[in-house]
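Letters A, B and C mark the chains in the order given here, with residues in each chain numbered from 1 onward.
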């Protein structure tokens, strides 16, 4: 894995250079949601060189004179959200060919995409970008932060796993499953051939037919490399399972491969199978849906997050590309409407995805030593009226709501309308503060 | 065309041959171990006769059982179905005989004064499928494509050609999906409902006159039953509202959601002609016959003739009593069509239309031995094969029949 | 006997003597909902409040000191919030929009959407379970003048019994929707009824103008000579609109269409409600000047990330705040957005976009009741009003809020979630 910052951090510690003043940031907060520990009222977080150096009650922490202070003493501070599966921010997320394991999202990510801007606005700090759901064996993904001019700038980790999908396109469900089995079998065959050839080479070398100093030079085909790594469990697979009907096959596949599953919404028919999921899963952005009973023609509402919680399977939430599901607070609210706790819902956007990405020592909670990926909200993260005011990534302020041009555009008419009638506007112009 | 002409000629010849035979010689005595004169719970007299016979004269039932005069009995040709059961032929309450093209005027949706009788082709191939299914009479409805389709007739299939029993019997309407197409008015249920509401108002208040509105007045005065294709709740509700506003009792064709308007149907005195049932239907639809009966609503079946028995059997499996199920194949549709004096029962004066089954006709394993229409064998055999060895004093070699007892 | 008790007793007697079947069956005496936070609609919140319901009506509302009638069933609503049943002033019913549009004519003022209502349409159940107790249904948006809307309660088996106001409105549609799919006749065979007017926005307005012109003409005729043949049913409806007996609702999204809607209403002298007014912020002063009531369809679609501008409109999240600041009366609806959220969540998005919570709740309760001319019955909780209310798990504008109990005429109609 490629942690640019990790490297910087290591460099800093080895050189043991004194911290530069601009590297020291202090955030004063009314409430700090640490996620893994108890919440702190009237707290302070000190960031040094992009990492959390101290976190605690304001009374217990001395803010150095050299620190740049972000005053959020009437606001809520918490880690930025982590998305374990996203198809956003790419130009062309779906390759039309079905079997393209050699592709990488690095070549499709558009740093200028408004998606990343929108993610910052939503308080998301870590995004695992993977190819779309329409391709069988679609290529490998990478973890990015939604800030930077180039893909390299944005990269947190690359080659984070192979995207696989059982989503049925034009053909039948069974055909898709068969295609997947064939694709995997073909890679195994290739690998077996390669190894047989290598064994023969070594055998002949041992027998003296090939000079002893000659080296085995044939490398694994570039097109097959990623798929071979998947087969050898050197690389994780991220398998999209569109509905309950493919879950059985997904469970079978996970016996041979190191898989993380991304589950579609329609799971109610697979309730007994859900308990068999040992690993945490990612849920599609749609977590609440209606189903009509064909006999009675009555609708029933289901919630996939609730089903997984009931089955005792940890899950990560996703955000939709547009509409209400693109807002973390709405997704959290949906979980809570369906009987999940606030903590459970918050973890599904922080710690659970961080663990799935193997980044739980870096992101997903506020603790000493972790990256300074912090969002400052105007209010509680579960409230519809809270807005993300500031986003800090690795100690650096990367988003400020007061300077957000899109919000300015959307609300300028309201601000103008509110101006001449100052007394009347007091109720209306408050963008969201409390109910 | 050539073939068609040929068929017509043969048929015509045959018909001539039959017509020229002496009338007295046409008396036929049909015997069986069980004869059901009429099905249905409403019958006061016992309607099942054991070891009895029917005397057929001029294609009609002349006498039944003990009423048969001995001299007529002696003079008649005898057909003996032995251990089989004879019961009234099935009545298919509504059908277009697969000829929607001929029975739905495409240009406009409001054509109540068209007559289906005028589009009836007695040589239609589809008629040949009826007798093998036990159907001996049918209501010829206008297609469901028009909001007011026209005046329906009652017809009969036959061995070779069909015929009309009555030319102007009921009026066919439709508010179903097929009546609302994107080609002409109306395209929506609102539009169909409004079209009916306005034209019935015009007919009632005499705002306009014309042959089309005259037909609607016949409906309102109860002179002609009104058949309405309607399936979903909203469609049924529209029909019942029209019925209530203009004070007539509609007959519903289809009615797959009629369980949702049972009370209103009962209050209005409406009848329902259900689509023939099959096992893949929703439970709610399979239970409809029992539910309608419980609510006191008359129902029968239309749709696929070969599924009539299956429908009755499925209705029984889903809670309907056998007597009502049998009536739904015979007496109920005859009554709905206002033809109870002519079809649906085996009383003196009714057409000699009956089916012969070895066993109970609701038992789908029971063998269908024969169908008779207008006193003639239209399907199956004249004799019961099991009785080939039996002989008796009345045996007549030329009829290929073993005699009575 | 306290006045309250007397009222209760009177009401009970009235219920018995009048034998109002449904109400009597619904109500076994008196029920008191206590310890609740009550947001009565149009008035400030009451904490630790009590509401007494009997005979399908609210009979008393008060603080913790309110004396409960003897023998009242007491429902403790500690921690819960009670609001009036929500009213969706533009609710799309029917799975099949084909049945909401009679396309054989562009102007069908006398068609009634009530004729196509199915009470078991799952949309009613969805709305009901999410706290909506009354809806205003209009014909679809494919016709220039679509027909008559009606107001229904969301629970029942018979549309006639659910209706609380027939012929509540007549819908007019601006913009490109009524002309889309139509084709001009340019020689050749006319083999479809879609070869017709209008094919342009201009054509749409021409249809509206012609229809109202005919209605005006018919009005002068019937006034002048009583022997004249009565006007066609459609023209009669338009006459009632001109006389102010039937509310005109004009669906107009973009600025251009909004201005046209106001202009044509002026031209013929009728007052119109503006529906789906996405660009309302651009014509706020005109709307305020004309005292036009605005229906905002699905504010969630106008969120920050979305680009839900339809028919040339450019919606902005700040619209609700603009309307509030300009003193324009408006209601929040689910409207024609197929992806609209439950009504309460649409109100919640309006709050996110800058509307005060009290105003947002009013915009889905008392304001639509006023708009529909039914505020004496529904939209707020006060003695004498219909006992249509919702018991929420918490403040209803919280994303985690659940409608735990929905009651219409005092009777529970929601399915447990």
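Following the convention adopted for this analysis, contacts are C-beta pairs under 8 Å (C-beta built on N, C-alpha and C of every residue); 3 or more make two chains touch, one makes a residue touch a chain.
Model, not experiment: these values are computed from the prediction.
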**Asked** Taking each chain's centre as the average of its Cα atoms, which chain lies closest to the overall Cα centroid?
**Response** C
**Fill in**
Of A-C and A-B, the pair joined by more C-beta contact pairs is A-C
**Asked** Taking each chain's centre as the mean of its CA atoms, which one is farthest from the centre of chain A?
**Response** B
**Complete:** When centres are defined as mean Cα positions, the distance from chain B to chain C in whole Å is 49
**Prompt:** Between chain A and chain C, what is the gap in Å from one C-alpha centre to the other?
**Reply:** 41
**Prompt:** If you average the CA atoms of chain A and of chain B, how many Å lie between those two points?
**Reply:** 68
**Fill in**
Touching two or more other chains in chain C are residues 120
**Asked** What does chain B use to touch chain A in their complex?
**Response** 282-284
**Request:** Name, in rising order, each residue of chain C that touches chain B in their complex.
**Result:** 98-105, 108, 110-113, 115-120, 139, 147, 157-160, 192-193, 233
**Message:** Show me the residue ranges of chain A that touch chain C in the complex, using the header's touch definition.
**Reply:** 118, 121, 290, 292, 297-299, 301, 322-324, 326-327, 329-330, 332-334, 336-338, 342, 382-385, 406-407, 409-415, 417-418, 421, 424-425, 427-432, 435
**Fill in**
So, in the complex, the side of chain A touching chain B is made of residues 294-296
**Asked** Which of the residues in chain B end up touching chain C in this complex?
**Response** 180, 182-191, 193-194, 198, 232-234, 237-238, 241, 260, 264
